[in-house]
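Quick heads-up: structures coming right below.
Here subunit A shows up in two complexes: once beside subunit B, once beside subunit C.
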Partner chain A sequence: MYRKITGEKLKKWLIGLSAQAEILVPAKMNGLWTFRLFHNQELPRNFLNSRIPPKNLFFEPLKALLGWKAADGSFQVNSCPAPEAARVIFGLKPCDARALRLLQPVFTGDYPDVFYAGNLSRTLLLGQACRVQCQGSFCSEVGIDRQDSLDFDAFFREIPGGYLVRVITEKGNTLTGEKEFFEESSAGEWNSAKEEIRGKNENPLFNLEKVKAGARERFPDEDFWMRVSAKCINCGICTYLCPTCHCFDLCDLQRPGQGVRLRCFDSCAFPDFTKMAVHNPREEKWRRYRQRVSHKFNFFYENFQTVACVGCGRCVAHCPVNLDLREVLLEMAR
Partner chain B sequence: MSEIIPEVSKDGLLDLGKKLFDERRVDYFLGYKKGTVRFKTTPLIAGKGEDLQELWVEDFCHANLSLYLKEIKGRVGILAKGCDSRSLVSLIKEGQIKREDLYIVGIPCAGQVDPGKAAKAASCEPEEMEEISRRGQEFVIRANGQEKILSKTQVLLDKCLCCQYPRPVIFDSLLKGDYVAPVLPAARAQDDLRKKSVSEKWAFWSGQFERCIRCYACRNTCPACFCPRCIVEENMPQWVSPLPAGGDNFVFHLMRLMHVSGTCISCGECQRVCPMEIPLMKLNEKMTDDLRELFDFVAGVDLEKVLPFRTYRQEDPQDFIR
Partner chain C sequence: MNAPEDGKNIYQPHLMEIVKVISETGDTKTFHIQFQDASLRESFSFVAGQFAEYSVFGEGEATFCISSSPTRMSHLEFSVKRVGRVTNALHQLNEGDIIGFRGPYGNHFPLDKLKGKNLLFIGGGIGLAPLRSLIHNVVDTRADYREITILYGARSPQDLCFKYDLETWERNPSLKMVTTVDAGDNKWKGKVGLVPMVLEELKPSAGETMAVTCGPPIMIRYTLKSLEKLGFTPSQVWTTLEMKMKCGLGKCGRCNIGPLYVCKDGPVFSQEEIKNFTSDEF
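Moving on to the complex of A and B:
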């Protein structure tokens, strides 16, 4: 189902929704794009993507899981409640929405995480089509359509004066069904509004099937991993800016008689990530770099039948030493 | 007696590098090669002469290559801008490397471009910039098909605007070129923060450190941070928690600042790589000024003067230690 809305009405619609839900929209904060609480401002038209992926709004970098209290000989553990308050995020990009879907089986499978599941079910995902290829990105190579997506509740595509809307879920249908704001549109109109992506790669950088095969074949090739990881400085930028990385650490903060258990991000790039009492299986840098690439393109694929990379390009654009994942994938595909 | 400087031309650089390998004077050579994203180069770590083919010395040679000396041991040839050479001096003084293990090729630096700053001055997003090029004393920025002329002060990294050591302090040969500071060494404008009250400073840094994601890129890219094991990673006992939250972020950054004082030469790499764009150099510059004013010490400019953390003087300004 397709609809359309003017820019002015979209703003009014979001203002109306803010009575029932928390609304997050792209905004610049300290010079960086991020998703902030909507204050009835104009929606940006030149938003490419946020520096920190919206994954952090679902799988938080710092999250209290439980608290405990011990008083008068009793001991009490209290789980932190799963989030429930309704929320709307507007302006999400197809890559990041795919990442949220990729993480679903991880967080709702064998070990269900009430926080991730709660955050997903309480949030209306409103996507926005890309018009420009982000620096370092390779989204189309990993199978993402920058101008179309089914990973949202509703997907918006900018047209002069407003937006066309592709309604995807029942929740999206109900909320965009208000005649006061939305008009009916058609598949024909939707398809004809598809535009060229500015700055896009002329030819695909690599073939994903070959990358997947290469990831398996290259795994034992130590020389390869040593060579490609030589300039890595073991920082956590690529993992902390990644929309699909999801490794975490647990940390207890204790005070006399009470305490809280927190979850925070952790990174496989850190030497201590796998350090155990007597042994560290990934002491060397090349083993850690191999782990990151293999997890995304080999192990995750084995476990969940999809690669855990959405090609957003954050790790490429922000690596301090320009260690370009695209180059490594290209070599793996050869 | 006039000094004889072994000069090497850009074409000659490749031959020099190969010669160093052939004569077994180096095991590695650290340089730059063209980056895969705009306005960046990438470090080139060569283990043999043939690896040097892609060597590139132009704009965007941001990285302070001496950071790799934490990891790469042995005899190393290295390209060094004026500022980078001060890191080498610091590392020699700290006993991390030996002068005789290094072959230092100084490279002229006309100031390094800060793409984020240039974009701001050109009122566009960094992603919209197609080209940044030098035209005489100015820069031309092409963004969204339009050209804008910007001054050096609008485009270059802040550290380059107060460059006092455009010529490497130590070197074995110099690449041909002009070794002059990119702009006249005008008195540096004092950081506005200095005049603020303690509570205002606290509020400013609380806001900044709130954003820190504890990726440790600042620490890992820092040549002066060479501890094999950082105290933030100790967990028996855990001095600093890994939680990316106000208090621990504060402790991490201020502790790191104290720890690198005297070794930090204000190369600014910590700030350049910070994915959250925290203005860390405001702290380093304050530290640099304090060291100069209180201890008459400038990091990385001579091999003799004792490091402030390694010495004790009766006339030290504070008496808490006596």
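Moving on to the complex of A and C:
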């Protein structure tokens, strides 16, 4: 189902929604795109993807899971409540929405994590089509359509004066069904609004099937992994900015008489990530780099039949030593 | 098994009281613990080989197997070598102190495959802890198994864990118990030698026998070689793998070896499975 809305009405619609839910929209802060609370401001057009992936709004970098206190001689542990307050995120990109879906079986499959599940179920996901290829990205190579997606409740495509809307879920249908704001549109109109992505790669960088096969074949090739990881400095920024990386640590914060247990981001790039009392199976840097790439393109695929990379390019654009994952994948595909 | 309930916080531990602390060696203690919640004492169940996450609130969580047997449910036991932050904190605790417990997690020893077979247990150091759960279990259901041999080794007589169990097993006429140390002292009357060497001396018959081994990675590596020499096929040999774990739920990423998560797909593996692992990072 397709609908359309003018830019002005979209803003009014969001203002209306903000009475019932927290609204997050793209905003530029200190020169970087991010998602911020909507304060009835003009919505940016042509915004580029956020520096920090919206994964952090679902799988928080630091999340209190439970707390304890010793009061009157009794010791009590209480779970932190699962998030429930309704929320709307407008302007998510197709790559980041796919990443949220990829993490779904990890967090909500066996042993469902109520915090991730709660964040997903309380959020209305409103996507927006890309118009510009992000720096370092290779999203189309890993199967992301920058101008279309079914990973949202509703997906918006900018047109002169407003937006076309592809309605995907029942929740999306109900909310965009208000005649006061939305008009009916058609598949024809939707398809004709598809535009060329500015700055896109002329030809695909690599073939994903070949990358997956290469990931399996290259796994035992120590020389390959040593060579491609040589300049990595174990800073972990690729994992912290990755929309699909989800390794975490559990740690305690104790204050007088009370404390809290936190789930916080961790990284397989760090040397002590797998360090145990007597040995560390991934002490060498090349093993850790191999683990990250193999987990995304080999192990995750084996477990969930999809690669755990959405090609957003953040790891490429922000690596301090220009370790370019695209080059590694290209070599794996050869 | 104790499946997670809908809407429950999977990271929330149950509170357990320490009812007894046993000093095994200079750096290893065994804790006997009991659920504070009386209904959990009744409903909790596990299978030998499973593990749990234990917390000292304010210090963090650490992973240990449940070293007591499912056939002896008056309390649970786990054993801890003092090596890091949480294990040091545990060693400070006394009877009456409260700890957190999440579990049971992971798979378990293949009791169905062991039934009707000769059993050979090979343990080293604190690695006897998970084996001990299984040994007590098969001793308590002795009629289901044929000959049972236990080979246990430690660095020195002082490093032998569960001495009270070793003595009981030695006295049990339906068990063959062999204890060895890498280096004895003037009072030591048992065998002297590394576990794989003593194993080769013992020459257990591989026919109709299942071997279960647990210990330091280096001991396991050589024990597997010795078992192969003795004619054991990979499907006759079972072991537990040790990997760093935090969540125990297949999410946090540490114990990942190839497509497997040791916490969910293990910690018990047959040598057959290990042979086919994508990765040797364990």
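By definition in this document, the second predicted complex is superposed on the first by the 332 of 334 C-alpha atoms of A that agree within 3 Å, B and C clash if a C-alpha of one lies under 4 Å from a C-alpha of the other, contacts with A are read in each partner's own complex, and residues count from 1 in each chain.
FYI, contacts are C-beta pairs under 8 Å (C-beta built on N, C-alpha and C of every residue); 3 or more make two chains touch, one makes a residue touch a chain.
Just so we're clear, the structure is a prediction, and the values are computed from it rather than from any experiment.
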Ask   = Looking at the combined model built on subunit A, do subunit B and subunit C fit side by side or clash?
value = fit
Message = Which partner chains sit in contact with A:249 here, subunit B, subunit C, both or neither? Use first/second/both/neither.
response = both
Task = Once the structures are superposed on A, label A:134 by its partner contacts, choosing first (subunit B), second (subunit C), both or neither.
result = first
Inquiry  = Under the stated touch criterion, which partner chain does A:266 make contact with: subunit B (first), subunit C (second), both, or neither?
reply    = both
Note = Here the angle between the directions from the C-alpha centre of subunit A to those of subunit B and subunit C, rounded in steps of 10 degrees, is 90
Inquiry  = Under the stated touch criterion, which partner chain does A:282 make contact with: subunit B (first), subunit C (second), both, or neither?
reply    = second
Inquiry  = Is A:106 touching anything from subunit B or subunit C once the two structures are fitted on A? First, second, both or neither.
reply    = second
Request  = Kindly classify A:317 by the partners it touches after superposition: subunit B alone (first), subunit C alone (second), both, or neither?
outcome  = first
Inquiry  = I want to verify one number: the closest Cα approach of subunit B to subunit C after the superposition, in Å.
reply    = 5
Message = Need the overlap of the two footprints on subunit A, from subunit B and from subunit C, as residue ranges.
response = 249, 251, 266
Key: Interface residues, subunit C side, partner subunit A - complex   = 4, 6-13, 15, 55, 57-61, 81, 83-84, 98, 100, 216-217, 242-244, 246-247, 249-254, 256-259, 264, 278-279, 281-282
Ask   = Given the complex with subunit A, which residues does subunit B contribute to the contact?
value = 35-38, 40-43, 45, 63, 67-68, 116, 120, 125-128, 211, 213-217, 219-221, 233, 241-245, 269, 272-273, 275-277
Request  = Enumerate the contact residues on subunit A facing subunit C in the complex.
outcome  = 65-66, 68, 75, 77, 79-80, 82, 106-107, 110-115, 219, 246-252, 254, 259, 261, 263, 266, 268, 273-279, 281-282, 287, 291, 294-295, 298-299, 302-303
Ask   = How about subunit A: which of its residues touch subunit B in the complex?
value = 30-32, 46, 48, 51-52, 61-62, 132, 134-136, 230-231, 233-237, 239-241, 249, 251, 253, 262, 264-267, 270-272, 316-318, 320-324, 326-327
